[in-house]
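Both complexes shown next keep chain A, but they swap its partner, so chain B is in the first and chain C is in the second.
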Partner chain A sequence: MNRSPLPEVTSGTPVRPAARVRHYLPFATAGLQSLLQYRSSFVTTGITAAAGAAVSVFLWRAVYAGSPPGGGPGGFTAGSITTYLLMAQILQILHANRVDDEVAAEVYRGDVAVMLVRPVSYPVVRFFACLPVVAANAVLVGVPVLGLFTLLVPLTVPRPADVLLFLVSAVLSVLLAFLVNLLTGMTGFVTTNTWGVRMVKQSVVAFFAGQLVPLALMPGPLRALASALPFQGMVDAPLALLLGRYDGVADVAGVLARQLGWVAGLTVLSAVLWRAALSRLEVLGG
Partner chain B sequence: MIVAENLVKEFRLAERKPGLAGSLATLFTRKHRIVRAVDGVSFTLPAGSKTAYIGANGAGKSTTIKMLTGIMTPTSGRCLVRGIEPYRHRKDNARGIGVVFGQRSQLWWDLSVPDSFRILHRIYEIPGPVYRRNLALYRELLDIDALGTTPVRQLSLGQRMRAEIAASLLHDPPVVFWDEPTIGLDMVLKDAVRHLVNHVHRELGTTVVLTSHDITDIAAICDSALVVDRGRVVHQGSIRDLLRTADRRSVLFDHRDTTAPERACAGIEQGLPGVSASPAEDGRIRVDYPVDRFTSRQVLAFLLERFDLVDCYAPEPDLEDVLRRIYGGGRPEPVPAEIPCGPAAGGA
Partner chain C sequence: MTRALWRHVRLAFFLGGVGLHRLSAYRVDFVLGAGAFLIRVGLQTAVVGLVFRQIPVLGGWSYHEVLFLLGFSLLPRGLDHLFTDQLWELGRKLVQRGEFHRYLIRPVNPLFSLLSERFFHPDALGELAVGTFLVIWSGSSIGLDLTPLQWAVAPLLVLCGALIHTSVKLLFASLSFWTVTSLPSMYAANQVSEFAAYPLDIYHSSLRALLTWVLPFAFTSYVPCVYLLTGAAGLVVWLPVVTAGALALALAVWRRGVNAYEMTGS
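Presenting the complex of A and B:
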């Protein structure tokens, strides 16, 4: 109260990143606690993922059944195409962070107002809140599905170096999935039919990321288009590294740099759009 | 503490035509209409005041609260809370305010109340002693322990509101905005909430801004009122000043005479033209008189002369009536600069 009108406000003071993380970690904890209330949802996610993997794996194994040992279409063998499709399914589980659903719902219902009266940034909150979802999906769904298929079908065993490269690339793909879902959810500011937007997003990602069909099997122009989109970094990039489908160190650096570039670009884009959305926010009702 | 200067907020609403044909038409042509929810509102609320922000539905109350809490940016004009423009420095503002939106939950839907509080403890970096002191207070006044470990989504509305109110005060904010905070509370709990806010106000000098449709809440919690109608401030002052704008007052009395109540009433109405008298439910007789024609002294003198009074009291004017008159397009009451002493002015 003793402040004169329009004093120097503290928002300009730099906050140490560690202090920032401390503000947001509670949201991760809360996310985890909420999640543990719905244990059965992991069972359904697991069954869905396993069934999806089974369909595509057995379909494509039939396609590659007669291919020569040196590799069939796209340079895949029966073993490597199986590994590709299975891991694509695992990545999809890691990408299912629910951010699009939750942001869209909160924006649509106006509950975003409640988040805005807290001293935190909403997109960052959403990021931290989705971490336990991703982790739980990885541990409770990803690992069992992977284990199951390892027993059922022969897989290509990747080189240890490629596994490391894959892990780095997979982290970037999870970040990309977060950003894509955040942007999808934010369409709730301009349309009430976020369900349609989410459906479209899901199909676009599944196709252009190389989850349904490896990009290597697509005709040239389509592959060029897919490579120019951010979705390529979600499935195609990490799996190219896992399966050793690259040409030297420069190629690896290029793959990771492209992912990193998209992460940076989409971060800036969502920050700008978020600010724009806030300035014209009209929380309805209440 | 809180300043609004020519605050304006306009919304663009899409015009929809009625019926299916109208809905189809809006697919192709869409006309927008500008609605001015807050129309050049200016006011200053001093630190430590407890203000009821009163207005009919759609008067711009919630919109103003949303600008003061930093959720919305004004179309023009500005507002300051603790010297900060909330929508420019939303996070800084958020550290110093507590908010209850009666219709939305700020708790974690899937978590229990204690878990939600633990998270708020960390988000707001509430010092340990403050946190424990406040929890003890809520335990004592709001019986917050009774909520146990039930997830918030399974609480009743009244239970949830208790937790919401406690959550808004947990970090000792200098300013609290309560938008319909007592929805769903029974009488006992409403009392407890009043007790709590008065306690916090006394201890910390908290500035309180309350919107409510419940007149008893307003009267019990707030000492001043800001009345907004169609986006404009039509009254600012103490609740007493607001009540003084009443154009009718009442006196209720009981007497020892054997006259039938109907005849007594008729006698009063004859003796004091313009006054209405009726038997009240409790056996008393109620006399309503226009303040611009009679003083209370005149009315009482008349009654004392006519009846053998055994009991007599003059209730506060009904705030609801006063507000209805203000909303009802009645001319805005000039706000008295100084509270005049003595009986209401004006004579017959």
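Presenting the complex of A and C:
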């Protein structure tokens, strides 16, 4: 066992990726432990999510109440629009990884300085720490909310192949959500009102990801704008695959490739901005 | 009694002024906070617009009527937000970090002391501006012509609605005296209040009952708007009763909570 406190920095040979991941695993388990301290919060988070889903489900079911069974506006039926909006809310639960919150708070309080003296990359630490949050939200909030709505409203049952495609796409959407939240949290370097920034992020993402209105129901120019933004890959893309709203293999590959492209692009962007932010960071001593 | 009240009013004005000063010190923050609401409500309006691209009438309400309702719902919400958002801090951390005692040792009412720490949340000005704009614009598009009585009652409707919002917030924030932090339940209550931005007619009857008699957000927007738009009294006569009841319940819970408060030893 190397007793040096900075094994990665001091050793001349590059560290294998597997060994590197091992350095970060404790952050994931620590995140899980602190999360389970407040178990009752999952119940209230579930109520919040169910209420959020119910608002848009009721709103759009009123629109599709009189539509023909073959499909109303945008090719949706009452059943498939309900499935879309409910699953959009479930995805949003998976995207609520608190990274924006915690990065902004640590930058604001200067706690980020403590992280910087450790031989680990802060954004990567945040990524591993948010994994248990996402997993716990999926199991303890997402599944019960989905179960509740299955009992209350008629939903469409997707094909098994589409479910698999959806799962792949949902993983990419979780990565996108992490990167978007990381970038949002980093605004803490330039403003103290990260609350306002986070609220703008939340509204803009919810709208342009297609969480409140499917992109198919937006007028042409607005749909073009939404498709050009990375947020489309967070809700609209996975749900297009889940509901079978695609033409053949090429279309599926295109959807997934665009998500991957945005993941890569935002990773580079946040790495560049992170370096730039560190060079101008000042933390007052305490 | 009157002297104590007078002193609180003078203090409130003074501290409100301090809040305004803070506005000029953190200009970018103000623009961000108020702008955040502009964007949020702008996008919410866009959702209503997109709904009405598909259908002419939603639950018996026309496009401009729904926008009127959406705009009106922001007025009590904004007014409440302007003065009482310090309650979020109570639910979030004041009990958890053992910081609440400092409100108990000041020579003013503890609730006043807590709220006065930040008496003027300029973020709410964005909400109020959009709400006012939507109400005036959609009201004139409908050709709304209020009677003198409706004009006289309208400010009271906004005030009562704000007090209902405050009551619900105070009730859930006070739960933190027992549960240490009550932020998740405050979020849940806040999310439920979003139902009030749309006509209640589109919801299931059990949800309507919940919004009318349990968490009475219907009285902050739907009920007053039905009265202003149609002139039919309906449920609006219950508004003072509901407001008083909600406020009394919230204050009772708050008082019990303050008495139950034990400071953490750290």
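Following the convention adopted for this analysis, the second predicted complex is superposed on the first by the 272 of 286 C-alpha atoms of A that agree within 3 Å, B and C clash if a C-alpha of one lies under 4 Å from a C-alpha of the other, contacts with A are read in each partner's own complex, and residues count from 1 in each chain.
In this text, a residue touches a chain if its C-beta (ideal position, glycine included) is under 8 Å from a C-beta of that chain, and two chains touch if they have at least 3 such contacts.
Computed from a predicted model, the values in this text were never measured in an experiment.
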Message: Quick check on the superposed pair: does A:62 touch chain B, chain C, both, or neither? Answer first, second, both or neither.
response: second
- request: Considering only touches as defined above, state whether A:41 meets chain B (first), chain C (second), both or neither.
  value: second
Query: In the superposed arrangement, does A:52 touch chain B (first), chain C (second), both or neither?
result: second
Task: For A:111, decide between first (touching chain B), second (touching chain C), both and neither.
output: first
Query: Where does A:199 make contact in the superposed view: on chain B (first), on chain C (second), on both, or on neither?
result: second
- request: With the two complexes superposed on chain A, say which partner A:281 touches: chain B (first), chain C (second), both, or neither.
  value: first
Field: Shared chain A contacts, counted only where both chain B and chain C touch the same residue
entry: 38
Field: Complex contact set, residues of chain A against chain B
entry: 1, 3-7, 9-11, 22-23, 25-27, 29-30, 33-34, 37-38, 110-111, 113-114, 116-121, 278-283, 285-286
Statement: chain A contacts chain C in the complex at 38, 40-41, 44-45, 47-48, 51-52, 54-55, 58-63, 66, 72-73, 191-193, 195-197, 199-200, 202-204, 206-207, 212-213, 217-219
- request: Flag every residue of chain B that touches chain A in the complex, lowest number first.
  value: 1, 3, 11, 46-47, 62, 66, 69-73, 80, 82-85, 88-92, 94-95, 97, 99, 101-106, 108-111, 115-116, 118-119, 122-125, 151, 174, 179, 207
Chain C residues touching chain A - in the complex, by the definition given at the top: 26, 28-29, 32-33, 35-37, 39-40, 43-44, 46-47, 50-51, 53-55, 58-59, 123, 179, 181, 184-185, 187-188, 191-192, 194-195, 198, 202-204, 207
